[in-house]
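Input: one structure, supplied below.
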Amino acid sequence: MKLTASGLSKSYTAHPVLNIQEIMFGGHGIEGLIGPNGAGKSTLLGCLTRRIPPTTGSVTFERDGQDHDLISLSSHQVAQLGLVKTNQRIQGFESLTIRDQLRMAATPPQREGWRFSWKPDPGDPELEATIDGLLDRFPFSNPDGFAKSGGEKKLVDILRCLIVKPKMLLMDEPAAGLPDEITQEVMGLVRSMVEEGELVVLIIEHDLELIWNNCDYVHFLSEGELLFQGDPDEVKNNRVVAEKYMGV
Amino acid sequence: MSFAVDSLFIGILQASPLILAAIGFTLIYYLNGFINFAYGEGITFGAYFASLFNVAFGLSFYISIVPAAILSGLLSVATYLFVFRPAMQRGIKPSELIILSVGLSFVLRYGLILLVGAENVYMDEPPIEFFNLIGVGATSLQLIALILVAAFAFNLYWIIYHTGFGEKVRGLADNPELARVCGINPHEVSVKVWFVAGAAAGLAGIFQGVFALVNPLMGWNLILITVMVSIIGGVGSVRGALIAAVVAGVLTAAITLLTKPLYAEVALLAAFILILWRRGARVV
Amino acid sequence: MAYLVFSLSLLLIYVGLALALHIQFGLLGIPNFGVVGFWGLGMYAMGVFQVQLDLSFVDAIVLSVACVAAASWVIGRLVLRLDAQGILCATIAFSAIVALLIVTEKWMTMGVVGLGTIKYPVRIGGATEYLYFFFLIAVVAALQLFTLRLHKSTTGRLLLAIRDNEEVAASLGKDTYAVKTFWFVITCIAMGLLGALSAPLNQFLTPNMIVPSVTFAVWIALVLGGKEHSLGAVVGVFITFGIFDILIETYAPVTPELAVYVPNFKLFVYGLLLVGVLMFKPVGLLDPGLPPEAVIGKGIEGVRTGVALGRRLVASSVSTAKTTSGTTGKTGSSSSGPDESPAVTATAEPGASAPEADGISQAKDPTPEKPS
């Protein structure tokens, strides 16, 4: 699983908000992407998942030894290849219960076609067990009701992405809006999935503790450019990162 | 050559009500972000207010324009204060505000029919002189209408782009929270904008009514093309609405000269759908 | 009696249209303001195939539906990537085009002269209209049954997800554009089929049947009944069309002098109802927060409370002006809990959206979206 972007730029006005020669994700289990506000992290993620059309550049996703050019694909095709992103802002499906949101996410498109439109959801015992496992693991007030608080919605967003079994998961500020112990539980779950080789992860986060504790490799972005990358200790001790970000 | 000149002239002359309607509609769409179908009833009511002063009270047509436009503006402000503002405060989504405006438009239109009946009303036209300009005939009424429209449009244009009030309107439309923080009173600005927009609708109705006739469906007949013109002109752009209205008028005149008037409408509607499609998701 | 059967048949057509619109707008979030265009295209195509080309009933139906399918596919491709207001304007423009072409293409539609006579599929003396009425009942009941089942299916869940947040649904691998196009075409076909089936009812087709008020009558009924509820269409049509076009026109002792006011008064009240519902209960009389099966048993009661609420809304919307400012608002989309009865009050409920105590309440503020 390798996600490579080369010559990627995005400009809304004359000044580019993103300008990256070459960046590669997916080589190191859990990777982090850090940088000050306005560094272009979210724009980069948007470009990678085809939600934001880049001005120039190419994005290639290598899966099972096959290269896919993501620029020519639409958002749902990118997801079907196994590249999925959680949302920074709280977003969800207000008219579906928590359990239905997970079911909807995990149900393959061919089981939602017109042939199924007049049949009650047959249910998939294996899927239901997975969902039960996930819902038991987290303290939802009512898993069969609607997600009420912002925290619940944020958590459902992450679980929705996990349950579609992505090959690579991009997490946009997973800690924002979640209590620490829930974040740790989420990261524990993600880590165990990574260790079983199910997926690789890229996290964008301002909470640097989370990055240092969980990531195996960190990319540093500032003013739209990739300034440094390395393992957490290297990044922590890098002079550029310290100057530009940690205000040292 | 004569065909081009003819279409241009007839188009511009006939487009004057549309230009007014489109400018006013654009203001509300820009400020509040939803398509207000009840705006069409402002057009109808403008014409009826004018015919009230003109036909019932026997005032001169030119004099009755003033109170009719003011009453239309007040009606527009009333719809804002009593319907749309409370609805927006309740967090009703734009797509539902549109349905709400359709409902309000029904109330106004059929309420008017219940009050005054559905018969056509003809205004007492002022004495008309015919002019001959570059081989095209025009009446004094059409020319005066055109001059008034131009003056109104220019004034609005100036207000929106060159005054402090216009700046407030633009600020409020682009970023309501920021505008509020900057001390702009959204309520006051909105009331003024709804008044001006309603007056524009009323004027459009008055001229449409004196060119042809006044009936309760005239606003509805004009609202669709007004919406089209405003959206194509670019929401929030008084300039765009002006240009689009003129282009629509000239195109209609040209196609009407070539074939039937109804084909002109079909062509405009089809062009509208295609333009929306080409623009993609970016309607605004 | 024959007139009553005609009115009831027309009521069924409206129920069918509202059901199709319920799937389009209530489930999928496509604001189709061109209902009369698809319905009218089906109806006129039926007329042209039967009268001008002398085709059999079945052939004409199949070809009419094919026409509507083709038209709706083209429109769907053109508009379904637009936002709600764009779709709304484009579909209303489409219906205007249909209405205009019916007037201009006289060689085919006979223009304002009118096109007729369209025959019933079979004629069995005086029983023809009754048989056709039962046939319509079967068609609309099938559509209602399908809608009820769609709500419980994986497909229905997907449609709701697309309505709620198309972008996120796509990011989970759902081909939202294809799904929207498919169901838009299917539901437009249903509208066209209902149009084709209305042709024998009307027998003689004229352009003044293809007017926007058909679209708005369907919309008003659906919004009033509850656009997101599988039974909202039926309830809404019974309250609007059922009361005005059947109860009042058939049974009310209206003098001939007053009778001329009825149609305009009807549209005036429709407008008031629409404004009242959207101001006080935007979700409509039937709240989708209630699982559909809980309402089926209470169908009659639902209608009764609906009527009562309708009456109250008319009364209260008159005094809207005084009461609205300063009322604590309930947001448009908030759905009430399953324990709430169908007779949901028209007053706003503060606190309905108050965060519940749970284990995952917000610890930190989520970072607001900022384009970097």
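Per-chain residue numbering starts at 1, and chain names A, B and C are given in the order in which the chains are listed.
Note that in this section a contact is a pair of C-beta atoms (placed from the backbone, for glycine too) under 8 Å apart; a residue touches a chain by one contact, two chains touch by 3 or more.
Computed from a predicted model, the values in this text were never measured in an experiment.
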Reference subunit B; chain at largest CA-centroid distance: A
Per-chain Cα centre nearest the global Cα centre, belonging to chain: C
Centroid distance [mean C-alpha coordinates] between subunit B and subunit A, Å: 48
Cα-centroid distance, subunit A relative to subunit C, in whole angstrom: 39
Approximate Å spacing (C-alpha centroids) for the pair subunit B, subunit C: 29
Of all residues in subunit C, the ones touching two or more other chains: 333
Subunit A residues touching subunit C - in the complex, by the definition given at the top: 12, 17, 37-43, 49, 51, 74-77, 79-80, 84-85, 87-96, 100-101, 103-105, 107, 109, 111-114, 116-121, 138-141, 145-146, 148-152, 154-155, 157, 160-161, 164, 173, 175-180, 182, 206
Contact set on subunit C toward subunit B in their complex: 31, 75, 78-79, 81-86, 88-90, 92-94, 96-97, 100-101, 103-104, 212, 216, 219-220, 223, 261, 264-265, 267-268, 270-275, 278-279, 282, 320-321, 324-325, 327, 329-333, 348
In the complex with subunit A, residue positions of subunit C that touch it: 146, 149-150, 152-158, 160-161, 163-165, 167-177, 179, 182, 186, 228, 288, 333, 335, 337, 355-372
Subunit B - residues contacting subunit C, complex: 34-35, 82-83, 85-87, 89-96, 98-100, 102-111, 113-114, 118, 220, 224, 227-228, 231, 260, 262-263, 265-266, 269-270, 272-274, 276-277, 280-281, 283-284
